[in-house]
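Once you've had a glance at the structure underneath, I'll fire off some questions.
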Amino acid sequence: MPDPCLVRLVVQCRDRPGIVAAVARLLADSGANITSSAQHSTDPEGGWFFLRLEFDLPGGAVDELRAAFASGVAEPFDMQWRLARSDERQRIALLASREEHCLLDLLWRRRRGELRAEIAVVIANHPDHRADVEAFGVPYEHVPVAAGGGGKAGAEERMLQVLAAARIDLVVLARYMQVLSADFLERVGAPVINIHHSFLPAFAGADPYARARDRGVKIIGATAHYATEVLDAGPIIEQDVARIDHHHTVTEMTAIGRDIERIVLGRAVAWHLDDRVLVHEGRTVVF
Amino acid sequence: MPDPCLVRLVVQCRDRPGIVAAVARLLADSGANITSSAQHSTDPEGGWFFLRLEFDLPGGAVDELRAAFASGVAEPFDMQWRLARSDERQRIALLASREEHCLLDLLWRRRRGELRAEIAVVIANHPDHRADVEAFGVPYEHVPVAAGGGGKAGAEERMLQVLAAARIDLVVLARYMQVLSADFLERVGAPVINIHHSFLPAFAGADPYARARDRGVKIIGATAHYATEVLDAGPIIEQDVARIDHHHTVTEMTAIGRDIERIVLGRAVAWHLDDRVLVHEGRTVVF
Amino acid sequence: MPDPCLVRLVVQCRDRPGIVAAVARLLADSGANITSSAQHSTDPEGGWFFLRLEFDLPGGAVDELRAAFASGVAEPFDMQWRLARSDERQRIALLASREEHCLLDLLWRRRRGELRAEIAVVIANHPDHRADVEAFGVPYEHVPVAAGGGGKAGAEERMLQVLAAARIDLVVLARYMQVLSADFLERVGAPVINIHHSFLPAFAGADPYARARDRGVKIIGATAHYATEVLDAGPIIEQDVARIDHHHTVTEMTAIGRDIERIVLGRAVAWHLDDRVLVHEGRTVVF
Amino acid sequence: MPDPCLVRLVVQCRDRPGIVAAVARLLADSGANITSSAQHSTDPEGGWFFLRLEFDLPGGAVDELRAAFASGVAEPFDMQWRLARSDERQRIALLASREEHCLLDLLWRRRRGELRAEIAVVIANHPDHRADVEAFGVPYEHVPVAAGGGGKAGAEERMLQVLAAARIDLVVLARYMQVLSADFLERVGAPVINIHHSFLPAFAGADPYARARDRGVKIIGATAHYATEVLDAGPIIEQDVARIDHHHTVTEMTAIGRDIERIVLGRAVAWHLDDRVLVHEGRTVVF
């Protein structure tokens, strides 16, 4: 008989009366005790409904509960949903380029227990971070992007092989500076979180700090979002900012930005791993 | 037959299995459709449980629901609870002294519809703000605190009369600079929200900006809290901060602080009026 | 003989060796005692130089000093400069539309002594705020913008007359929702500060809060900038931000935004009045 | 003949007329070109004066300038001052205990070029971080604090030897959890920067996150300050904060706090190394 365990349920569907009651009744009938709940509706009349629950399941019969939920609640309400044990560890791949601050920060956070995941592999298009990464006991795959015609396609093919072999649940672009193709994003089979070094939608694309300097903004920022085929336009998970003023050079803004990027990406990854982020119509609900 | 309406329910009690299910079942049986929920537990094993729900009640039978909830759920779980229509307007009294920024700000917010309340009366121990206040159509009571022995007791007695006559649900100390007695707080019969011009617990008591300057802090703040008989020690509702540096004089810090105080107090009052603030063991849960 | 007084000098010019020494020597020879200085250079080699000084001038001979500075320092270094007594009071016009939060806030800050200026007139294209404004002892000019062809041109013509009659040093667009023509901006003869209700360059133009909601950003902001003929593209003086999340409606974001707008505009106007803002190549240096 | 170089001068003294002019004249006579200046006075009448200048010295004759400044300006005005080439690299020692986040962050910032210093040695009272530290090419000294009578005194004696041998200019307590004796602080012969994991003066002493939780504050923070013999009472260099709410456990607050601590300490150390921090009467001026 399985052990008692803590379970998470996330749900989204078209809103209509009776959803909460149906969920609560099924959980009560299964002996679950809800310890945390958060709920959002864009509009009770014809809007979209989001729910995240954590509950103790004394008998630990997660598979039975999943089956009962699927037929008894999810299907009638036409839900997108996920039900998982809280102690599940997802498998992450980190992709990096020359800048290593986000990469190292995630490795540190993992080692400290801030991220409930296993970092299965690091892939980089530069060879420089091998020693740093392997010191954490994580394999390092150097996948260079050869100049010229097929370079990028070949690199993406190679990365897809590595990711498949590592059975990845999540890809994190830790300042990976190559634009990934729509084909790659479709075939990767896992969510992809990117950190962009501006306060989106301002300064999407290249060189955001230089452009922030040119525009004379007084605050810079960073944005963690799910990658989609439109560059820097995917659903935003988290953003944060820092003040600058006229005396900051682009180099200094870049240094200040590194601290924001590390923190914003760390939060976004942790929340994703805790099933706190639900995506609908290009936006996120973060519970 | 009553109109359909939006209703709020807030609950706190000792945590134990089955609370959420019991509440959800009773609401479902009453035809309610939950549109917003937030829940917190300090510890599922023997901790304390907090819940806030908003729901549509199609039949609008609030009194029947209240009776059913009292006997069917609240009593068995030994709950502290409040169930109210969202369109109820509480009656507020504002107490002020010489500084008028918090006072005017709350009057503006009320006029703009940011506060779901009626400002029934303003009481001040200075005569200066009468024209400002009466321009908002709010009665102004000047209750001076006479120097010497019975001055304060007499003023408090007079204020209690004014508050009782105005049938007050909430008292807001909008930079009221007299310390209220334990006797007053006990007899006033309504929650009292105070704004303190420091980031508590730092600089409780008098002259916080001067003391912040003396200590050389780099950030100042303001704190909205429920007043209790221990000065500046009541449950904190909201805090916010602003950066300062060495060049700021106490006068400039005071001006910066006015903006923080206005915003922090505005949030705290709005959240209280929306039944978002639950107090337990000297702390608040703010949903 | 004039009284001793506090004087401000702001300077910008092409950078080259010897500027600071030349300024300091002339001031020392005039008996001035520098009490505050700030300096910035975009690049000591061929960049642009900015300086702001405050000093006591014991004899109070400001006109003599101005003449000496003009011929002895400003001309040889080809400077743009301004030298003014700190106790000079500039004359401001506030332009407003239906939203009154920025308008009232500036009137209140002026009364509190936070703005070293006289508010000479308020012009609004709505009649609603007359009583509020006149309560501060400030004249209120209602200049409606008639629908159809010549409406806007006629309104701008009328406003230019009012501004000229009031001998205005600064125009503040306190959520004035009409786009001013390039012709108006050229003829107004004074700097124009605008508050835009987004974190520029994101969401320039109309309805920024609705567009922020659509994009799913996690932080909103406001921007005070000098108005130029390109809408929302002028030099940024100040920006600030506030966090939002998925549950905030556009109405709630607008309410949160009002607090940011008030504070950002208040800072920008105060800094402008204190000669802290220098403009060069579409950006500001704020000392 | 020495190369041209960038030089920094920091000064503090009793304020009186003529200081700026005297400094500017001597620098101009030495051929220096001032590229950055910042100045502060607590009160032009009898207050305290602070100045920080950066300038190019085309001939590079720093020693001659130092001598001329000492006799010609510093002595007559009774100044505390420091004049140093900007390319000087100070030597830092990091002291750490079991928590490694501040330690690793400073090592990483040094490698990124964010800190203009050499990290000469790491001393820790735990053995755990040796591999991490040595991977940065920095020596690691394990100095345990033996339980019982002379344990602490012995450890301090050993640390003083290590620090002296490493010719240290600055000691950074990177979450070193032993209280240093007044005797140690007096004999160490270098400034000591500490990071305290609260927003001082709130929650000085042990377990600040647990106490913040107990008090129910809505914002936590960290404080970098110079260590003095009164625990957590030294001059504050930098502070920053993060929002929390009722659902954060002490463990989660500690994780959030780690990010603030790293950033606050990083800034404080960088500013100290750039001679931006001047101490007077228990407070700092940070230029």
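Note that the chains take the letters A, B, C and D in the order they are written out, and that residue 1 is the start of every chain.
By our rule, contacts are C-beta pairs under 8 Å (C-beta built on N, C-alpha and C of every residue); 3 or more make two chains touch, one makes a residue touch a chain.
Please read these numbers as outputs of a predicted model, since none were measured by experiment.
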Shared interface partners, meaning chains that touch chain A and chain B: C, D
Between C-D and A-C, the pair joined by more C-beta contacts: A-C
Separation of mean Cα positions, chain C and chain A [Å, integer]: 42
Rounded Å distance, chain C centre to chain D centre (Cα mean): 37
Shared-contact residues (touching 2 or more other chains) in chain C: 40
Graph class of chain-chain contacts, one of line, ring, star, complete, other: complete
Residue ranges of chain B in contact with chain D within the complex: 40, 199-203, 214-219, 221, 235-241, 245-247, 282-286
Chain B partner contacts - residues on chain C that touch it in the complex: 101, 104, 108, 112, 114, 131-132, 135, 255, 258-259, 263, 266
Footprint of chain B on chain A - complex, ascending: 17-18, 20-21, 24-25, 27-28, 33-41, 44, 56
